[in-house]
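Written below as structure tokens is the structure these notes are about.
Order as written gives the chain letters A, B, C, D, E and F; numbering starts at 1 within each chain.
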Amino acid sequence: MKRVNTGIPGMDEVLHGGIPERNVVLLSGGPGTGKSIFCQQFLYKGVVDYNEPGILVALEEHPVQIRENMKQFGWDIKKFEDEGKFAIIDAFTYGIGSSAKKEKYVVNDPNDERELIDILKIAINDIGAKRIGLDSVTTLYINKPMMARKTVFLLKRVIAGLGCTAIFTSQISVGERGFGGPGVEHAVDGIIKLDLDEINGELNRSLIVWKMRGTSHSLKRHPFDITNKGIVVYPDKVLKIK
Amino acid sequence: MKRVNTGIPGMDEVLHGGIPERNVVLLSGGPGTGKSIFCQQFLYKGVVDYNEPGILVALEEHPVQIRENMKQFGWDIKKFEDEGKFAIIDAFTYGIGSSAKKEKYVVNDPNDERELIDILKIAINDIGAKRIGLDSVTTLYINKPMMARKTVFLLKRVIAGLGCTAIFTSQISVGERGFGGPGVEHAVDGIIKLDLDEINGELNRSLIVWKMRGTSHSLKRHPFDITNKGIVVYPDKVLKIK
Amino acid sequence: MKRVNTGIPGMDEVLHGGIPERNVVLLSGGPGTGKSIFCQQFLYKGVVDYNEPGILVALEEHPVQIRENMKQFGWDIKKFEDEGKFAIIDAFTYGIGSSAKKEKYVVNDPNDERELIDILKIAINDIGAKRIGLDSVTTLYINKPMMARKTVFLLKRVIAGLGCTAIFTSQISVGERGFGGPGVEHAVDGIIKLDLDEINGELNRSLIVWKMRGTSHSLKRHPFDITNKGIVVYPDKVLKIK
Amino acid sequence: MKRVNTGIPGMDEVLHGGIPERNVVLLSGGPGTGKSIFCQQFLYKGVVDYNEPGILVALEEHPVQIRENMKQFGWDIKKFEDEGKFAIIDAFTYGIGSSAKKEKYVVNDPNDERELIDILKIAINDIGAKRIGLDSVTTLYINKPMMARKTVFLLKRVIAGLGCTAIFTSQISVGERGFGGPGVEHAVDGIIKLDLDEINGELNRSLIVWKMRGTSHSLKRHPFDITNKGIVVYPDKVLKIK
Amino acid sequence: MKRVNTGIPGMDEVLHGGIPERNVVLLSGGPGTGKSIFCQQFLYKGVVDYNEPGILVALEEHPVQIRENMKQFGWDIKKFEDEGKFAIIDAFTYGIGSSAKKEKYVVNDPNDERELIDILKIAINDIGAKRIGLDSVTTLYINKPMMARKTVFLLKRVIAGLGCTAIFTSQISVGERGFGGPGVEHAVDGIIKLDLDEINGELNRSLIVWKMRGTSHSLKRHPFDITNKGIVVYPDKVLKIK
Amino acid sequence: MKRVNTGIPGMDEVLHGGIPERNVVLLSGGPGTGKSIFCQQFLYKGVVDYNEPGILVALEEHPVQIRENMKQFGWDIKKFEDEGKFAIIDAFTYGIGSSAKKEKYVVNDPNDERELIDILKIAINDIGAKRIGLDSVTTLYINKPMMARKTVFLLKRVIAGLGCTAIFTSQISVGERGFGGPGVEHAVDGIIKLDLDEINGELNRSLIVWKMRGTSHSLKRHPFDITNKGIVVYPDKVLKIK
């Protein structure tokens, strides 16, 4: 089975070699846990280190802001957009505003799953994408939780069908034990949980791989840091919380 | 009373000889606990080791993907499908897509219990099935919880009536104490719970048989592993959690 | 006050002599706790050991299956049915199916309390019943909880009015502290709770009598076993949980 | 301020002299805690020991059954009913049934508060009642919780206005921390909580006076027993739970 | 900033000098915690010790009963009512009943906030009130929680606008952590919480000032007693619970 | 990246240099935790110490009252309003009342987001504002929680688009673990939590920065005080709670 390297130091060791190709992985965490950074690093490193084109489906932030945020970690994605190796699908602005006019891929109504999927298919074909980041999947069903499972299945079918591997970020509440609702948790191929826990008056970052179809993986909770070069995971350390 | 061997190393010891024939067993667990693997192993080993034809009712995944997943454990089910010893009932694709066209048993509307049951009866007769795996029963009533009990009774009547023994996977949330709702828990003949618990920064797998009509069974929580040959249960070990 | 012996070894000692006549006792427990076995043993031993005819109102299982289940404990009830000392009221099949056609007492619509009560009255008169087992009372109001209290009062009036003593099984969720809802708990004459608790990786069976009108009783939690001859309670042992 | 003696050994010490006259006291407890016995003892002893006529408003049980139950503790209330010193208001049978025909005070529709209050006023005048027991007040608003506060205020006005002192039993769930809902708890003049707690595998009875307008009272949790002569409270003992 | 002395021994020390003028203070507590007594003492002592006229808005009890209750602590308020230094606004009787006819300030429909506020304004002007007690504010929105915040703001504007300082009692459930709902808690100028906690089988009274705009205050939990002369707070003692 | 100094002693150290420019920061806390003071201090010190004009959007209190409150900490804001360096947008009075007539910026219907945003834009342009305080953002969606995320995004776009940095106070309940709802928590650029915890009978103030886009920050819980000169944070101290 082919593996997709995450591009996050230490993470592939945790996954015993990377994410199995075509898997859709739920990256679940509360506010401030580093979901977006993990997702962006996965895409940027894919292009730079593995020459695998990637697409970021932006549901939470303006594409302009995303490019800015990524630059802070030294990830200049504009160049790769111009080279046709990276694409942002703007599902945030609804095509409103002057800077939105410059975006190539725009979803005018993110509530319309068919439009989102059509544009995703086009973008995948255009750049020969191998990696998809969707930030966040929660936005797609925030006001229609009954549809969550169906939406995830629809996306999974397209993404895996076209040979891509994906990370879907899932927004949960602080202290929530689940990963984003039973419908979604059971539908995805893998679950990585990012946590931020207060221990003795200090916040600690850690992640744990809860499931990953097609591979064994570390069953331990690993601490990680957010540095100015992105996320670094410590596969040799274990964090024991409560 | 006749027993049905699970085909899972260590599991029959836990069950004091296997699952009593005609029992419908709820296999309950959160995401990543190994429900689908347990269910597939039960069916595959049934054919290979005990010459008992089996049917997998696929509600969560594409039949093509299921065959792929099973192959990773060395379980090549295609051959037995061709020999008429194994069947997948496709209740996932709705008959949409080219590969779905090749499936023999297709439920076009999984919300229509009567259609599902009719096709199940046909398939049981066609291959002389003795084992049924239904993955997952939760899907059948996810948006109509009031119908859960009735649905389970309906299936139970057909399956036991035709002399089959069944495993129904039940999707629950992480940390949930129950097994899938009171209506279902009391209706089934047996309950096996698969758990994934974080203990001191490490995930631990274990299972416990909560009830099994027609037999005594271990009342202990047993650790298990998911190896590259499937699930292995340790009947001589006990996991003490919390 | 006259007592009704339970026929369960050790249980009468726990009840300081048996259940006071005409009491309606709620037998509450989660899945797999042994409610049905307790109820069936109460009825079978009533006929065999005390010559008290009994009626089982079957709401959860097919009468044919119930006779099978009871046989596994060596309780052959068919003979007593033929002798007019035992009766099953079939409130499960709705009169559908060939084997249901052979049942003598059939409730066509269990949602119609009046029909259920009318048939119960007839059966009580037919065999001169002294004991009633109703398995489960939960089924009667599962989709109409507001009616629970009224339903229990209605049944209680008929049963006590005709001189019978009854056990109503109540299905609760795992870990639930109550006994089946405030309306019911306060309406019945007695409450016996059956528990299945995981202690250090092992399931433990125990029961506690929470209330019993008309008698003092043990206030202790007693362990019990389900053997191949039915339930055995240990009145001299106490289980301390949590 | 005049005090009303409870007639329960030890209870008046706990209340520093009895219940202040005209108080409406909520007697709150789960199933099997002894609420009805406490209420009946308060009324019976009132007649026998203090020559204070009393009325029992029966909402949970048939008047015939209540007379039976009371006899078990040696409280023969029939005689006092005949002497015009005790009355049962039957708000249970709806006037249906032959024995109900013999009852003097019958509320045909307990959902009609006005009818209940009118009959209560008549009965108070008829026998010159000084004590009222209402078992249970919960029944009056079980299916209309928004009306609870208003109902209690209505009753309180009549009862206190006519110079009576009352005990209202309140049915709560096992383990519930409150006393029957905020609307009611704040409306009554006093709250006595009866508890049944499992400690180390044994049920323990205790009560605590949570509030009592017009008097100081013990702030301790006192154990009590239900003997064959009724309730006995131990004012010199304290039960420490959890 | 001018301070208003509470008239409760020890309380002004806890508040570092009294309640800042024009503050609306939420006095929050479960049943039996002493909210009404605190409120009445604040008003009575205001008239007697500080010559500050006060108004009690009575939503929970009959004005006649309130005068009785206050007398038990030696607080004879009738005299001050006659002198025009104290007023009760009867928002309890709806003007029904003969004794209600004698009340000077009657709110016929407490659900009509405008009527309540109009009468409050008149009463404030009539007696030149400086202190307001409203018992309880919960009653005003018990069946319309969405209106709570708006109601409190409306009252606050009138009361502060006319130069008064107020205590609003808030009824909460036993063991509730909040003070009466987020809308209210954030809208008031101060929060004092009265607690009644069972510690080792004994009830303990304590209070804690959670916020008080315009002043520093003790951040400690202070025990208090309800004596036959009213509430006494112990500013030098600290109660550690849980 | 440019930083905005908070003007709160110790806070910039906690933030490793201040709030990154254009960030919208959620300042979340229960009643009495000091949210409004933090927000006002941020604005006042901005004008005085850094010559950065600021705007306070007042949704919870009358502008007149806000000026009063600020004066108590020695922050006389009127002068800066006159100089065109500070503005209050009155979204509290609805323009009702004589003093409201004197306000320059009035939102007549705070439920109309468009009106609020239009007036905010005008005020920002008028005074060249660099800092925005919005107290509280909760008010904007208190009765329409589904709109929370959309409202925050709308405000964020305007505020960041015009080059301002903002603090939005968020009202949560006592003991609540979250920060104001998942929709909001994930939408903002930063989260600072203010806490008030009872430890051994004494209230303790502390804050923790949960996330802050564009900067590293202390991951520790720091105690703080509310002095008569405003908030002082202790960056070298850590509070360990629970």
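Quick note on the criterion: contacts are C-beta pairs under 8 Å (C-beta built on N, C-alpha and C of every residue); 3 or more make two chains touch, one makes a residue touch a chain.
Just so it is clear, the structure is predicted and the values come from calculations on it, not from any experiment.
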For this session: Quickly list, by label, the chains bordering both chain A and chain C.
Result: B
Problem set entry | Identity of the chain that, by mean CA position, is farthest from chain A | D
Exercise. Would the interface of chain A with chain B count as same or different, where same needs over half of all numbers used to appear in both copies?
Worked result: different
Problem set entry | CA centroid of chain B to CA centroid of chain C, Å | 31
Problem set entry | Distance from chain E to chain C - Cα centre to Cα centre, in angstrom | 54
Exercise. For chain D, what residues touch not just one other chain but two or more?
Worked result: none
For this session: Just say which it is for the chain contacts: an open line, a closed ring, a star, complete, or other.
Result: ring
Exercise. Can you list the residues on chain A that touch chain B in the complex?
Worked result: 1, 146, 149, 157, 160, 177-179, 182-183, 185-188, 191, 208, 210-211, 213-214, 216, 219-221, 238-241
Exercise. Once bound in the complex, which stretches of chain C touch chain B?
Worked result: 30-32, 60, 62, 69, 72, 136, 138, 142-143, 171-175, 196, 198, 200-204, 226, 228
